[in-house]
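We call the chains A, B, C, D, E and F, going by the order they appear; numbering starts again at 1 in every chain.
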Amino acid sequence: MSTPRPDGRTPSQLRPVTLTTGFVPTAAGSALVAVGETRVICTASVEEGVPGWRRGTGKGWLTAEYGMLPASTGSRKARDISRGKLDGRSSEIQRLIGRALRAVVDLDALGERTVWIDCDVLTADGGTRCASICGAYVALELAVAGLIAQGKLERSPVREAVAAISVGIVDGEPRLDLAYAEDSRADADANVVMTASGGIVEVQASAEGAVFPRTQMDALLDLATAGIAQMIETQREALGAS
Amino acid sequence: MSTPRPDGRTPSQLRPVTLTTGFVPTAAGSALVAVGETRVICTASVEEGVPGWRRGTGKGWLTAEYGMLPASTGSRKARDISRGKLDGRSSEIQRLIGRALRAVVDLDALGERTVWIDCDVLTADGGTRCASICGAYVALELAVAGLIAQGKLERSPVREAVAAISVGIVDGEPRLDLAYAEDSRADADANVVMTASGGIVEVQASAEGAVFPRTQMDALLDLATAGIAQMIETQREALGAS
Amino acid sequence: MSTPRPDGRTPSQLRPVTLTTGFVPTAAGSALVAVGETRVICTASVEEGVPGWRRGTGKGWLTAEYGMLPASTGSRKARDISRGKLDGRSSEIQRLIGRALRAVVDLDALGERTVWIDCDVLTADGGTRCASICGAYVALELAVAGLIAQGKLERSPVREAVAAISVGIVDGEPRLDLAYAEDSRADADANVVMTASGGIVEVQASAEGAVFPRTQMDALLDLATAGIAQMIETQREALGAS
Amino acid sequence: MSTPRPDGRTPSQLRPVTLTTGFVPTAAGSALVAVGETRVICTASVEEGVPGWRRGTGKGWLTAEYGMLPASTGSRKARDISRGKLDGRSSEIQRLIGRALRAVVDLDALGERTVWIDCDVLTADGGTRCASICGAYVALELAVAGLIAQGKLERSPVREAVAAISVGIVDGEPRLDLAYAEDSRADADANVVMTASGGIVEVQASAEGAVFPRTQMDALLDLATAGIAQMIETQREALGAS
Amino acid sequence: MSTPRPDGRTPSQLRPVTLTTGFVPTAAGSALVAVGETRVICTASVEEGVPGWRRGTGKGWLTAEYGMLPASTGSRKARDISRGKLDGRSSEIQRLIGRALRAVVDLDALGERTVWIDCDVLTADGGTRCASICGAYVALELAVAGLIAQGKLERSPVREAVAAISVGIVDGEPRLDLAYAEDSRADADANVVMTASGGIVEVQASAEGAVFPRTQMDALLDLATAGIAQMIETQREALGAS
Amino acid sequence: MSTPRPDGRTPSQLRPVTLTTGFVPTAAGSALVAVGETRVICTASVEEGVPGWRRGTGKGWLTAEYGMLPASTGSRKARDISRGKLDGRSSEIQRLIGRALRAVVDLDALGERTVWIDCDVLTADGGTRCASICGAYVALELAVAGLIAQGKLERSPVREAVAAISVGIVDGEPRLDLAYAEDSRADADANVVMTASGGIVEVQASAEGAVFPRTQMDALLDLATAGIAQMIETQREALGAS
């Protein structure tokens, strides 16, 4: 039997989403993304040149880094540099963000330059990796617009919008966009990355303790598809207004 | 238009799989798993006690580490320790292996002891993370059998078998168990972890450059389900014979 | 002959300062401090217990960490964790912030708990260490107010307000609160930390290339004293309004 | 008074030795060496080019790395990367292996290419460094044969065979090829590296707790000389059969 | 009420200072500096070429490193390499030494070469950073004299002498050149770096627990000015005799 | 045909040796050892307690660390901490020093305390590891004498003196105590550690490029035996005079 959601949402309802563009004026492109209480600072920086292994190919590169401010979670999280190494979870997330963004960028059209995406979590209440992807896409578009305005690019190498959302099974019920309180007691959760045209970029579904049947997998993908469409609409509005 | 597979397999055919139990006699449980040219040394070691954060809970723990021997790929891969850090890919894989195995172990029934799973790739030809999970399950069962034989456990905390397989879209066609040559030119690939009873533990699907539609996602999951059933049968035979 | 300042200020004029309290709701205390284009996220986190070397003394501890978001400067700054070590400048700054705050805290009255100050630079335009100290003091007061509200402390262990400002000699003229453009061509600069009662906590004066006479040292200290008084007034207003 | 050896060998008797060539097909040359219960995977990889300090000299380079699989000893040994540094013993051993192999290679004749020797211990029962040298020589010969077959070398830069054996004083008696049980209670032990022509490459003799007289040093060298001759015969057979 | 100093000095009296030139014959320039019981080995090494970011500018570079021998303090201090990182205090000090020396060197006149200053503390009894600067200046002059003797430089790029001294407030009284016993109970201390012509290079003043008034700041600077003049005279004598 | 030695010594002649006791007054025991141009600062520090793995055994521990001052060799050697890891050679040497000293210490009689030996090379001209052992033994004796004087030990746990010397084959001739110029062109060299009673502690012989026959090994051991006897006499004199 399913139970009401802690914040009263319906199973298929997103938390309130806001995208504040230009949040970090020193960056080529930036956005502060808020999904409920989760807030992430996303920036895109552009560097002429590419890493050594790619030099001379005429192709660009895009890479991402992800971090959490120490106070972003309830109890203070030690900095990576204090522990001496990037923690495994952050490493996984930044690789995911990089793949998500590269999926919509024509790296040939970017030319031999590198886009650095940085996502730094200001407050964490579940779904930080998905929020990061949503904000990073906006930061990327703004950085690309800057390159075009400076005459460095003729047209955008970004093929279409990309966004991500989490879904999960709580009390046996598939639900969209889990906040931390729900996520921590979910039987399974999935992070789904899709494009504006509905193409799948990435699906990462994981059972927690118990396994789950294929029918629920299908239900989760349905929910995510609808949620991502809304998220992409919000991105479009933020970029239109910027 | 689809093309023949490089090794002549049908789209839904696994590579030859062998599981050699007891490959590392110094380990509590061990197996050498070979899936085509991919070979991984899998061991399970048992240590009394659990990490500090879990002490006093009465529950056990299982964790996994994954590495590649430098010569396992065509060109030599530098050791992590020479580069000074665990590479991001290995970190992701070992976290996946740990989650996959924990999904089928009743950690309460294990008691306050730690099972260390080690997967070291001897030769790599695609699908090393899936092969690792398949071999690690066998090593785990053997280690648990040892604990029972020594009177440390009354019955097995392992609930059911778990296995993993990769699937991917090559030339527009969903295919089972990609070797390196196919994997490197796939439009998308997925690693799927499931149990003997058909429960999903983990799905990690990723587009490479291009995105892919939901219908192909569904086809990949179908292929994986069939492949995993065969893999679990092979595990059963290896354990029966050991 | 002195020249006009790039932003038209008089030699003894601060940049506009704003202090936004509660910027990071997950922290015990927090403030976003803006001094001209320099913006720093300051948080205070409270942890019961103290480091091992202080255990059993009945005294508390306060320590600070400082970082820069990669996009906070014009060209992207690599994360410490990517370079494998805390850079020397950050290490110096976080030690300074810690000393500045400890100078106004009665650690006996704090009891055996640790306050972690985190200062993360969002945008850097000169004076980030001084802005960090100003914001950190506000975050600290808010965290202490929380401890009192929760009944963990009876009265505040903070003795008085503390603030910091940079001063420097540009074109032979002593000037208050240098922005980056002035700082980078200054003949000398100093960071001064003082309390509300006018006590000196720290003076760090440094020539850049050329040395400077004692008379200018005295003039710099005079300027800083006046600037800090204004800064402390702004802190008082922010705390009054929070 | 001397006692019987735990495995019934005479003082001057080697454990059974086997050398399996081609154990790692992805490597240029490889061998699995087993000396009693000690088994080591040895590979030789060839890379065009040399380290920077050697570039432009026309000379080649050979370097070695040594590691132990975590489960190779009875209780699990943490990976170097988990502990954050190469342990001192491994560092010493890999330097020894490198010197041993370089002693029989004409680096001028190798040309500006690098041979990487990797020795990874599968199971450890004493004598792993000596077994590593014996197996590494075989891997090296196979890699060189490959270079000749590919036309990259006209003739072999390997001057002669090299092998190594441990000797020690147990219960006052000099003994050849100590297994772990004997090694751990030896009064002294030595690792000796010699070539097919009887030339000494390296002698590392060490007392453990007590010192030992020169007469025993001489006896140990005599024993080692005989043992190495047998080991070199086994290498010759393995290479002949490969 | 002020108290007598532990070693009977007057408030404005330096400890005995000796400078032994040529202490490390393998270095281009070297000195052993002793200030009371504090002794520091200072060397200057010259390397043709500059770091990458400075290449092609025609300018030289000078950088400093500072370390403490483990036995230099009463209780053994672990080496940085054993703890895995340079400690924050050492990092601060070596940056200070570098700035102090660069303040008196015309880097254009040095040409594209790098001077490495190394200061290794043999015994520590307070004031090690100031002693390091005093000794480093002497080592630098000797290294430069060598470059001139070798015909690599026509005239010295060193503009004038530089020295440093600590001052502090103990029992309310400003005192010159604190030894450890006084330093550890000082209410405030300052390190002052000045040149032979009386120019200020650096002032680092810090309260310890309590704050201090501006009048004391002025008194500390007066004391330091007199102390540095004596120190520079000692440097002159040492260089004259060498 | 053998050639004269660069410094005119006979093949069996040591360089001048001096041992200055009490060189580092802050250490429990210390000596500056000079062997020709090679000079090493050796200290022994005593810490109550032992490492965790030895706690509760009633036995003491002795461990050694070895470093080179950056300017100790002709061209500046980067600090380990700057390169981020202890270099392999230093690691090997400090393990050797530790074994050499432990061979003459009754760790039971030492009680649960740790002796730290530190050897820091001031100038390097060959034979630094042997000089380190010779000086470290003297530092150890002085530290033990202090423990006895303080009433912490009743009698010395040091069983006898230990010393070390290098020998090598240059131009076909076995020679004692190689300076750098000879060492760098030796066909083979050996480091030999022996006690006052003539017991062997350690022999490390290594060919460089060419191998060497057993007869030369025997000659090297003869030479070393004579050299160590002289070295031990020098230690006795230094300790007698201290």
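Keep in mind that, in the parts below, a contact is a pair of C-beta atoms (placed from the backbone, for glycine too) under 8 Å apart; a residue touches a chain by one contact, two chains touch by 3 or more.
Not measured: the values here are computed from a predicted model.
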Exercise for the section: Give the chains in contact with both chain A and chain D, ordered by label. Expected result: B
Exercise for the section: Would you indicate which option in D-F, A-C or E-F repeats the interface seen between A-B, with over half of the contact pairs matching by residue number? Expected result: D-F
Fill in the blank from the handout: So, in whole Å, the Cα centroid of chain C is separated from that of chain E by 28
Exercise for the section: Indicate the whole-number Å distance between the mean C-alpha point of chain B and the mean C-alpha point of chain F. Expected result: 51
Exercise for the section: Round to the nearest whole Å and give the separation of the Cα centres of chain B and chain D. Expected result: 33
Completion exercise
Distance between the CA centroids of chain B and chain E (whole Å) is 59
Fill in the blank from the handout: Check: chain E positions touching at least 2 other chains come out as 84-86
Practice task
Chain touch graph shape: choose line, ring, star, complete or other and state it.
Solution key: ring
Practice task
Write down the ring's chain sequence, where chain D leads and chain F follows directly.
Solution key: D, F, E, C, A, B
Completion exercise
So, in the complex, the side of chain C touching chain E is made of residues 85-86, 88-89, 91-92, 94-95, 99, 103, 188, 190, 194-195, 197-207, 209-214, 217-218, 221, 225
Completion exercise
In the complex, the residues of chain A that touch chain C are 24-27, 30, 37, 41, 43, 45, 47, 65, 67, 69-76, 79-82, 85-86, 116, 118, 120, 122-124
